[in-house]
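Sharing a structure below in structure tokens format, with a few things to ask.
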Amino acid sequence: MENLIALLIAAPLLGAAVLLVGGRRLDAVGHWIGTLLSTVSFVFGLILFVDLLGKGAEHRTLIKHLYSWVPVAGFQADVTFRLDQLSMTFVLLITGVGSLIHLYSVGYMEHDERRRRFFGYLNLFLAAMLLLVLADNYLLLYVGWEGVGLASYLLIGFWQHKPSAATAAKKAFLVNRVGDMGLSIAIMLMFTTFGSFAFGPVLNHAGDASEGKLTAIGLMLLLAACGKSAQVPLQSWLGDAMEGPTPVSALIHAATMVTAGVYLIVRSGAVFNAAPDAQLAVTVVGAVTLLFGAIVGCAKDDIKKALAGSTMSQIGYMILAAGLGPIGYVFAIMHLVTHGFFKAGLFLGAGSVMHGMNDEVDMRKYGGLRTYMPVTFITFGLGYLAIIGFPGLSGFFSKDKIIEAAFAKGGTEGWILGGAALLGAAITAFYMTRVMLMTFFGEKRWQPDENGHEPHPHESPRVMTIPMILLAVGSVCAGGLFSIGDRFLHWLEPITGHSEGNSPLSAAAVTGATMVCLVIGVGIAWAQYGRGPVPVVAPRGSLLTRAARRDLLQDDFNHVVLVRGGEHLTRSLVYVDHTLVDGVVNGTAAGFGGLSGRLRRIQNGFARSYAVSMFGGAALLVAATLLMRAV
Amino acid sequence: MNPVNYLYLSALLFTIGATGVLIRRNAIVVFMCIELMLNACNLAFVVFSRMHGNLDGQIIAFFTMVVAAAEVVVGLAIIVSLFRTRHSASVDDASLMKL
Amino acid sequence: MSAQLAAYATSTGEAFQFWVLGAIAVMGALGTVFMKKSVHSALSLAGTMIVLAVFYLANGAYFLGIVQIVVYTGAIMMLFLFVVMLVGVTAADSLKETIKGQRWLALLCGVGFGVLLFAGIGNASLKEFDGTGQANANGNVEGLASLIFTKYVFAFEITGALLITAAVGAMVLTHRERTERAKTQRELSEQRVREGKHLPPLPAPGVYARHNAVDIAGLLPDGTPSELSVNRTLRERGQIRDVSAQALGDLRALEQRSEERLERTETDPAHFKRAEEASK
Amino acid sequence: MSFPLLTATAALPAIGAVATAAVPAAQRTAAKWLALLVSLATLALAITVLVRFDPDGARYQLTESHAWIKDFGVRYDLGVDGIAVALLALTALLIPFIVLAGWHDADPLETGSKRWRPTQGFFALILAVEAMVIISFEATDVFVFYIFFEVMLIPMYFLIGGFGDRAHEHGEKAASTQRSYAAVKFLLYNLVGGLIMLAAVIGLYVVAGNFSLPEIVQARANGSLHMATSTERWLFLGFFFAFAVKAPLWPLHTWLPNAMQEATAPVAVLITAVVDKVGTFAMLRFCLQLFPEASKWATPAILVLSLISIVYGALLAVGQRDIKRLVAYASISHFGFIIMGIFAMTSQGQSGATLYMVNHGISTAALMLVAGFLISRRGSRLIADYGGVQKVAPLLAGTFLIGGLATLSLPGLAPFVSEFLVLVGTFARYPAIGVIATFGIVLAALYTLVLYQRTMTGPVKPEVSAMPDLRARELVVVAPLIVLLIFLGVYPKPVTDIVNPAVKQTMTDVHKTDPKPSVEAAK
């Protein structure tokens, strides 16, 4: 059974290799090969899942040692896979949603001449993501971690001929690299602290290390998580990443890759549990991001960017939950899974809308689409209800638990965090309703483009709607399925541990407050976008709106401080290298040249002149002799 | 008087001769100055001979004279042939040592 | 000379002799260096050498003293004089320094070196003077002979070889081997035509001049003196006599004489003045 | 007496160089094939060395020893340890690719060169460099090493100055001027280093009485050879200076960008991937083993310099307009990592540094050779002259990207393993330096991706629209390198197994042990 774990990764890896090396011969069947191998991986995952379910809770960890990777005295990195309940959850999410999105892409990318390569990259992403969640040590996890970064880079920049796409891809990779730096420093710290960076030794002995070191490790892991999961202050890449094809946004930048940070924190729970300061930092980052993302989501007119802001915000919830410790771990993962369903569904819906609207992304040019694409409308609508936490749908269960856990943190912190989470819920309801209303309701606002092509909104082909329907089903049912009887809690508890906090508010009170927030959010959105017509050209808006449209000025800050500053720094360094470092050397050379030119003049060719120096030399010799005698 | 004074005289003559070599341009005069230096040395040798009470110093002076004679013969021959080719006896004209 | 002569305290006579002759020797040496003409230098050097010969005698080196006079002053210095005459006088005789800083450097080095030598001699403990009395007991020449033919016999033989080599070398250096057939006059004239210089014989000196001497430049038809007409040695020595104003002077004298004879008083002075100025 | 395998490995390319140079002027193609065959045969010999080398055996294996200059105790001593074997194999491996990549670089039909027999000369010089580099890796006698370390400069000088890149914005005349400037700069820098080393070599002889590395190391270990502290430090500095110039370490680096910029791409690869490795190799073999105490004394300064190299090289790479210069500055950054690993004095650092030398050789070769193919197509080295190449030549762009990703140490490719080992090794002893060095990985991503973005993506520039994709010969050059990059990234054990025992020995020589973790986790 353990061998299947390796095959789980091998299948999409094989797909990537075949598709990327195979060349044009595979153009005709490439997408089906990719989808097939992804599905194969999902089937393997299911088999393993069934196998795990058949075992007792304490025997559900499977270890597969493949080979010794980097053996250097004391530093032993192995290629070892660990399949436990936590990674199993991810495996199913990744391969399941991944396979659906593969299927969807077959239709979405139909007219792209480089479709084969797209599927190659998607398979590469799946392999890397599976490696990330299946690794048994942090270094191997790091390989997957950067592997998904690479896949994300390739996919965001898939339409490389667009400079904006190429820039966005580069930006994503670079910002992620900053986070990766955190991960590598964390690994180094683990190595110097524990002499190992495998999960077993580190997590089992976390309690033995000093709190200072654990805090440092925790903060570095948080930095890594911020990079990958687009949390403040490393969130700026996610919005730009929407330059990639929509299935990519759905799979990578909504459902799976961006949640890797949550996985990392939950996986390293033992370290965080022993480092309260690091935990506090995690919760702060989560709370700030959930508001930040939500505010940005409110102002965007680009449907994908609005959804990206939403993703950021929802991951903020997860990070917040993960930072709460054992109270929140399970709910972080649960929200992660349900979010994977509904956000992927929303993105696919958005993709479907764009597919029918000549790749128009501006929501102000949509309107009234519900009649033109009913399947998309229904699936998108279900996703919408799920994300705003409509009672009974999956978002309701998972988000509610997180807000509850945040209050349960206790003290002032609890109130602040809980309040932020509640506020976030209200804003979520607002911007999602806004998206919904602007896209599917109201009168149609689209116009012919420059070439005079009037968009003809139409429903997407079956190959695209089926994944959307399946994901919608997931968004509706997952929450209930997990929460009723605390199934998900019991499944994950052996890995993450769980504790019930003592919340100052009862569960019912929290749910009530959430409902109130929901209604307020929806109500405001309705008042603003539902009652009257939506202007085609965005109004100037308030200061906050304008700032939010520009990602709350974060890019401007980056541009001024990092990009400009960096440019000046490198330019002046180039100058310094040329004039100073090289100048010293060239100057020395020129100095010697000049000196020898001078000295050459002494060699005037006159014998008498030479005789003088000879005589002077003789005099010096005599003087030296005398001096030596005198001494 | 102490015979050491002869040595001082010898040193003085040697120095004058050496300076002459350096500041005169006429090869013949330069040559004469060299002779002067040799003679100064000879005087010193003779005085050393007296100082040590044996004749070895005089022998050396004698050899010096012989060698000086040989040197003069060859040296003057060189000057003559130099003059023939360059129509000048100035040592500065033969500045071929420069690059 | 007695044995006392060799003692470290010399007799008053020797002291007197030293101071007088020493001064002469130094003056001779300075003369060698600073005399403008090489003949004078040679004569000064000869003087110094004779003084040194006397000092050799005073120091008990009788053989050397005689040799110094006979060989050095007599033979070598004569050789020098011959060469001086052969070479003649050139611009090299000028005492004007052409290399920048050479003179000062030379003087500095000389003075420094002299000071060092003096310091060295002064430092050395030269109190013990054995004198040559013992060594010269059997006669100075015999003493030298016995050393030369015993202890220094090899050196002596080699010196002989050196002298012969030097003699041969001098001959080789000064001898010009004819490597090709001597040119006939015809060939020489043709060569002159080819080279395009001085086709006719060099102009004679003093032609058209009253003074028919070798040190006077002949005047060319336009009245300018031709340097070529004077021997090169004289030219380089700058010993050409300038007679350019002579003719005018003569003319004026002639005019005056004729005036006096003709008893003419009124002349046109301006005409002559102009001529005078022109001659200046 | 057994077959002198090590001598043969060095002698074969040397003989091949002579033979190539002797090929008649008209037979250019024959000269190329001869050079390729010789380099492949050398590779075969190097593989034999690799196979016959026993990682767990004696420290120096396949030794050969002959008296050479008896009066000075100079012996022709050869022998390889794990580190030398790895680098020997790298050298022998890269030369065939360099020959193949430079197939047309010295062909008068292509270049219009009026030089006498340029093709023969080019390939003969490459083989000559190979011979000298190989024997430098093998020599266990300091004097023999020194000779070949220096002689190497002569063929390199002619390779840089004689066969430079024709691409220049100001025409061929300017290119020629720049080229000779670069060649002379290369020569002077390395000569100065070499002269200082010569003084140190003589000093070592005065102190130790012979030149044999193993003997001196042993004599120092058992106390029979005592070196005064100051003597040891001076000698160390003398050796280190030469190696730091060669490596090159900041601030002695400025010759490298000029040389790499002006040389043809294969020669540029020869410089960074092969010749410069002799410098870092020699630090590990000579500086550390001969002068362990002085090495430890100098460690803080050297670590700071290497740290500056890392950050400075990367920042300058970001600011470059010239593709090859960019790669050169990237290499300076990488050499900073290698030197840092060597002087971190931990097993991880030194194993990582050795591995880094191998990996950097392969990755730079891949990136630089592809860059060379790119430049030869467009005739310009300026980044701004490109754009959208990905669209017209996807294979070229793809291989370029992989080379770039290897340069930025993407996990899964070979350089990652070595870079991480170096960082961990440094961090274990000097956390602050390790952390700052980690910034290097961000900067590496920056310059690589900026380069890729500006040249390969975006709208297709009209000048590159007719650019052909990689040809078969070029693919043969690049594909094996990429396969190797991936293989060594996934399974570096074959190399680490060879290197580890040698590193352990070196650690013993410098009397250092790895720092212990603060919590001893149960394995």
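Side notes on the structure shown:
To keep things simple, chains are lettered A, B, C and D as they appear, and every chain counts its residues starting from 1.
Methods note: contacts are C-beta pairs under 8 Å (C-beta built on N, C-alpha and C of every residue); 3 or more make two chains touch, one makes a residue touch a chain.
Keep in mind the model is a prediction, meaning the values are calculated, not measured.
The set of chains touching chain B and also touching chain D is given as A. Centrality annotation: D (chain centre taken as mean Cα position, compared with the mean over all protein Cα atoms). Annotation: 16 Å between the Cα-based centres of chain B and chain C. Distance from the chain A centre to the chain D centre is 37 Å, each centre being the mean of its Cα atoms. Inter-chain centre distance (chain A to chain B, centres taken as mean C-alpha positions): 96 Å.
A separation of 73 Å divides the Cα centre of chain C from that of chain D. In chain C, the residues that reach two or more other chains under the touch definition are 99, 102, 105-106, 109-110, 113, 117. Taken residue by residue, chain B touches two or more other chains at 18, 22-23, 25, 91-92, whereas all remaining positions touch fewer.
Residue positions of chain A touching 2 or more other chains: 604, 606, 608, 612, 615. A complete list of chain pairs in contact reads A-B, A-C, A-D, B-C. Those residues of chain A that touch chain D in the complex are listed here as 20, 67-75, 139, 142-143, 145-147, 150, 153, 157, 160-163, 165-167, 169-170, 173-174, 177-178, 180-181, 184-185, 187-189, 191-196, 201-202, 204-205, 208-210, 213, 566, 569-571, 573-574, 577, 581-582, 584-585, 589. Contact residues of chain B toward chain A in the complex are 18, 21-23, 25, 91-92, 94-99. Touching chain C in their complex are the following residues of chain B: 1-9, 11-20, 22-29, 31-33, 35-36, 39, 42-43, 46-47, 49-56, 58-59, 61-63, 65-74, 76-81, 83-84, 87-93.
Taken in their complex, chain D has these residues touching chain A: 188-189, 250-251, 253-254, 312, 315-316, 318-320, 347-348, 351-352, 388, 390-391, 398, 405, 410-412, 416-417, 420-421, 423-424, 427-428, 431, 434-435, 438-439, 441-442, 445-446, 449-450, 452-453, 456-460, 490-493, 496-497, 500, 503-504, 514-523.
Considering their complex, residues 6, 8-10, 14-15, 18, 22, 25-26, 29-30, 32-33, 38, 41-42, 45, 48-49, 52, 55-56, 59-61, 63-64, 67-68, 71-72, 75-76, 79-80, 83-84, 86-87, 90-94, 97-99, 102-103, 105-107, 109-111, 113-114, 117-118, 121, 126, 128-136, 140, 143-144, 147-148, 152, 155, 159, 162-163, 165-167, 169-171, 173-174, 176 of chain C touch chain B.
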